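What follows is a pair of complexes built around subunit A, which joins subunit B in one and subunit C in the other.
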Partner chain A sequence: MTLSKTRAARARQTPLRGKVKPGLSTRLAGLVPYLFISPAYLLFTVFILLPLLATVAISFLNWPLLGTPHATGLKNYVDLVHDSVALKALRNTFLFTILTAAAHLIIALALAMGVRASRSRIVQYFVRTAFVAPFLMSGGVVALMWGGLMNHDFGPIAYYLEKLGFNPPDFLNSKVWVIPSLVVVDLWQTIGITFIFMLVGLQSIPAVLYEAARVDGASAWNRFVHVTLPMLSPTALFAIVISFIGAFQTFTWMEILTNGGPGNSSLSMVQYVYRSAFQNFQLGYGSTIGVMTLVVLLLFTLVQFGISRWWVHYERM
Partner chain B sequence: MAHDGVLSNRFTRRTLLKRTGLVGASLAGATGFGATLVGCGSSNSGGSSGVKTITLAISGTNAVTKKNWNATFAEFNKANPKIKIQGLFVNANGWVDFFSALQTQLAGGTAVDAIYIPTEGMQLFAKRGLINPLDDYVAKDKAYIDALYQDINQSMLKGFKAHSNPDGKTYYVPYAYNTTCIAYNKKTFASRKVDPPPPDWTWDDFKTVCQSVSNKAKRQYGFLISADVWGGFEPWLTTNGAKLLNDSWTKSAIKSSETVEAFTYCRGLVADGLAPAPSTTANGLQLLASGSVAMVLVGAIAESTLAQYGMHTSDLQIVPWPKKKQQGASIGVGSIAMLQSSKEKDAVWTFIKYVTAPEQQKAGRGGTITDGQLPIRDSASKSPELLKQMPDGAEYFWKMLPYAQFVPGTANATAMEGAMIQTWSDMLTGSISPNAAAKQMESQIKKNI
Partner chain C sequence: MRHPGRLTGQIVLNVVLVLGGIAMVLPILYTVITSLEPASQQFKLPPQWIPRHLTLQSYRLIFRMIPFTQEILNSVLITVVVVVGSTIVAVLAAYAFARLHFRGSRPLFLIMLVALMVPTQISAIPEFLIMKHLHLINTRPALIIPALIQVFAIFLLRQHFRTIPRDLEDAARIDGAGHRLIIRHVILPLSWPAITAVSIVTGQFIWNDFFWPKLFLTSQSKMVAPLALVSFSDANGGGALGPVFAGVSVMLVPILIGFVFLQRRLTEGVGFAGVSR
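Our next item is the complex of A and B:
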């Protein structure tokens, strides 16, 4: 490898006399960079690009799983436009996603600032580990655990709220409370990762900026608004995009905890893809919902990046 | 201040990578599937040893299920050394889940020779051409099949034949059945000074018992209502003279005053704090063992299953479903189905005959008793040896057969059942009225029948 690189370097340094064709080794050396990046592109092609193309192709078919597919043109797309359940699933998914992304950003930032403010290294290590630990648990286990905790009739949350004099709702069976409850479950498991992003972002802000702000007489609030937030904005953008995409493809909580209910109030888009394709065995229609989910997700991610030019600061000292 | 983003006009290598990553992340998030599907296959067999291996797909991955089926496979292999069976235990939460998971596996090319299918899925698999008709085998072993059929409750056999063989061909030979009954925890009843209910108890009696054992402040309830068709709402319909489908399973019959009355009664149990709201994560036997509920729905149940929850058969008493207009229960029949794609059909037939043979039925082979089912033969399900392995009152499982109604198992069973279960749960929690639930279920049946 090193030898090839050296030969390639020599070849580049040697002045060409007339129309001298580069040697075989030189041409091979030119391929080396592609070999390095090929695993990533190969995996991308096999596991993302080809399934995507297949999904788009299948979306134009009426294909009962284990049956014979028939071309239906745009029928699946027309059906989807008139499908009130799909619209409800889209609304639920957006609500869940927006609440999750916002909560991730605010809570993770607050936690990161709190941990950074702590002078005890032991506390810092413990809190970091404690918040990241749930991320290592299986989603199914987390769902079952929260199902028990949030159970209205047997769970401890409702029990202790009643003891405190509240009249708690049935969190997982209430049309109003079901999405916020699922957001809580999601936050419990995944907040640790956003917290780590934020903590790293905070730690990378040069101390000299705060010192300069202090010298200029800036209050703690002004330092937060004019130093911390702008300097943290690239990390915040990354955290928002990642949590937005993660929340948009949510499935586990809805499938295990609520089965999309009550009355489809917590049915998510990905869950609707699963139901259509693997419970109703309409592979074509399931693919259509998948394609539309992709388009919506892509559009909103592009919008996020577009808007970011007005609030994300990439300046570094 | 420098801005960078996807909408920037500057198109650099970094921008390219960023955009590629953005699209990739979005695609990864949005596309859950799309892999090329291939046809079903059959497991490997033969080889130099001449031993044929067949794969049987079974719902459930718990230790007791696996242990019993694997013991059955070992016994079968002793009797038939040239045939080896391996279980494909599918992790599923209910039959809808099992059918979904299994069809996906079959579409993905998983080699399966046989499937344990209950009534709910018989037409689903048969009408899709996945199941091999057994007519030739039945004709070849006519004497055996005749003897088997004579040893089965005739009303159940008639219903089974009518609903499991949609085009007149024989796709399934019955192996096990389960009827819905109720089990109560004797200790809970005794501690709350509740008298044992009589076998001919009514809905009113049932409600009185629930009121006696329930204490919402202590989180104690009378009965856990299942989020299910077979053990959820069908028994309540049956005992009130209502039904889901007409006799030929071609039309909905659910929209009736009897249905609305049954739904209203069940909603009342939840609203009055006599039954907990349905939960996708609640475990009936666990709640029964802890005394959180006093009664649950049961099919056949054995010591090994109860032991997982720290209970014994002596802790429970089985009683029939309470009646309103008539005695009733719902019923499902299980069968070992031979797949069309199997290359070892004769070996599968040998196994079907083995598990339906009188001595194996009496021994409670496979999932019988432990997985909520009774052996299909009367001579086995009524035998004292088998009854003593279950709680007192287990005879009601077969005594209810003349009144039992088959759980629907149409060609689109997964879609229909999944939608109805959700409507049932919504009705119980008060999200929709009983009347609206009956109407909604009717449209779900019409859409999927």
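Our next item is the complex of A and C:
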């Protein structure tokens, strides 16, 4: 009885057993997605994730480049809080970032609206090309070019400003003017991209909305405030976040044009990480500055997204 | 556009726009003109916008004093290899994240996305130590290998792949097509605008970068062109304006070539990258 029962049970199982093999290969097929993501994830782990975690770990060490590392607990962080240079770098980076982001937004929007309103195809084409072209140049090359242009002794900018009756400062050697000058260099190279974002954003606003506003008798200003701005706000948020993150990592301009000077008044955070590690050879302290940079950047990005709920308007058409 | 008849408005607007465009171009023009002047004229004010004497002296100097041809080739090579390599890596990963169901796909994707906000420069120290252990300091692979992962590209391509109708893929699968054929004959043909956009963004990023070359490359012949010009300029002080500007002008050539090929794609591509956030 039991035997035949088992046999019957087995018999019932046999067709199932036949499916065990495809089951296995299905399981193997289940590995295929992991194969697809494995190159990306391997690189991501080795060159992004692990270095990030390592930076946090190293920030708790005292590690001279040629010496042996040993743990110092929070000492680096305590030092950092009392480091006036770090504070200066933070201030410089903030000033640079906020000026850059604000200028990007205003100039790009004005430019995009201007190009949209122009009826000359040639002008539209010329402006688009002229503003986007510098974006293709390499940062180092752009810096060298502006170093000549902004030179106090033989640069044309100071010369023409003087001709116009101004008394131009030595742009790159003035504690007050150095950051705004670097913002100009940055804008020259990157404004074209924000401009294109805005242009695409403007084009995607349905004309119906403007027609409706006009029928209701809205003035040009009201159409701008109540149609253009809200409809463009997601694009604007994107542009702000992108230019903010980009500007916060700024390094090239300071490194080439001013070397952080005069008197550290243009030293940026990333530049300070670089200096601490590869010029002062303090790997631990350099990492601590890196961690702080990251924390500040993440906090600000979160704040931006938080505030954005009040001004960014998502239309579901 | 919406105010027919406002002729004066149009004229003023277009004049302002053209002046803005000229202001953007003038720095480049000044650089090219100065690079063509004899050394005695380069520092003279007012700047001569139409120089009387033209000479290639500065160009001869820069090519003689540093291995500039090699360095430009380094720049182009690194950019091209990274664009092709990182796009392949990104297409594979984006396809899996957009189309395949597997355990952990959401958290794995989210971890990458969070990393998108983290500037890699802040991890320069471990990055340098890794390269030192791999004996890659002062080699081109030090710039290429870490750049093969472009999280932004994966994100953008995934967003795009999700918009491709599944029916197309199902039809291909019923006909017996595997992942390789589906990617090649369904996904890729419908994704060229997205892939172009991703390539442009990545290419610009690599071409523009100064931080990693500065960190990893030390000997002249290994350097990328911008870094080589900067170190040449630092070594020679302000006196080398002519050769430096000649180098800058030469660096405009690859861009002009790129611009001719990309033209519309460039603005469309960047716009695309902006819209599919």
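Quick notes on this structure:
Everything below uses one rule, namely that the second predicted complex is superposed on the first by the 271 of 317 C-alpha atoms of A that agree within 3 Å, B and C clash if a C-alpha of one lies under 4 Å from a C-alpha of the other, contacts with A are read in each partner's own complex, and residues count from 1 in each chain.
Just so we're on the same page, a residue touches a chain if its C-beta (ideal position, glycine included) is under 8 Å from a C-beta of that chain, and two chains touch if they have at least 3 such contacts.
Computed from a prediction, not measured in an experiment: that's the story for all the values here.
Because the two structures share subunit A, they can be overlaid on it, and in that overlay subunit B clashes with subunit C. Contacts of A:A277 after superposition on the shared chain: both subunit B and subunit C are touched.
When the shared chain is aligned, subunit B comes close enough to touch A:G263, but subunit C does not.
Legend: residue contacts after superposition of the two complexes on their common chain; A:L52 is shown touching both subunit B and subunit C.
When the two complexes are overlaid on their common chain A, residue A:T100 makes contact with neither subunit B nor subunit C.
Contacts of A:T301 after superposition on the shared chain: both subunit B and subunit C are touched. Of the two partner chains placed by superposition, only subunit C is touched by A:P33; subunit B is not.
Of the two partner chains, subunit C is the only one that A:V141 touches; subunit B does not reach it. When both complexes are overlaid on chain A, the residue A:S181 reaches neither subunit B nor subunit C. When both complexes are overlaid on chain A, the residue A:F248 reaches subunit B and subunit C alike. Within the superposed three-chain arrangement, the count of touched residues of subunit A is higher for C, of the candidates subunit B and subunit C.
Annotation: subunit A residues 44, 48-52, 54-55, 58, 143-144, 147-148, 151, 153-154, 159, 245, 248-249, 251, 256, 270, 273-274, 277-278, 283, 286-287, 290-291, 293-294, 297-298, 301 touch subunit B in one complex and subunit C in the other. Of all residues in subunit C, those touching subunit A in their complex are 1-2, 10, 13-14, 16-18, 20-22, 24-25, 27-28, 30-31, 34, 42-47, 75, 89-90, 92-93, 95-97, 100-102, 105, 108, 111-112, 115, 117-130, 145-146, 148-149, 151, 154, 179, 204, 207-211, 214-215, 225-227, 229-230, 233, 238, 241, 244-245, 247-248, 251-252, 255, 258-259, 266-267, 270-271, 274-275, 277. For subunit A in complex with subunit B, the residues that touch the partner chain are 44, 48-55, 58, 64-67, 143-144, 147-148, 151-154, 159, 170, 172-173, 175, 241, 245-246, 248-249, 251, 256-265, 270, 273-275, 277-281, 283, 286-287, 290-291, 293-294, 297-298, 301-302, 305-306, 308-310, 312-315. Residues 30, 32-34, 36-37, 39-41, 43-44, 46-52, 54-55, 58, 111, 114-120, 123, 126-141, 143-149, 151, 153-154, 156, 159, 163, 188, 193, 196-197, 199-201, 204, 210, 234-235, 238-239, 245, 248-249, 251-252, 255-256, 270, 273-274, 277-278, 283, 286-287, 290-291, 293-294, 297-298, 301 of subunit A are the ones touching subunit C in the complex.
Across the complex, subunit B meets subunit A through its residues 1-8, 22-37, 40, 96, 100, 103-104, 106-107, 128, 130, 219, 221, 227, 276-277, 279-282, 287, 292, 412, 414-415, 418, 421-422, 425-426, 429, 431-432.
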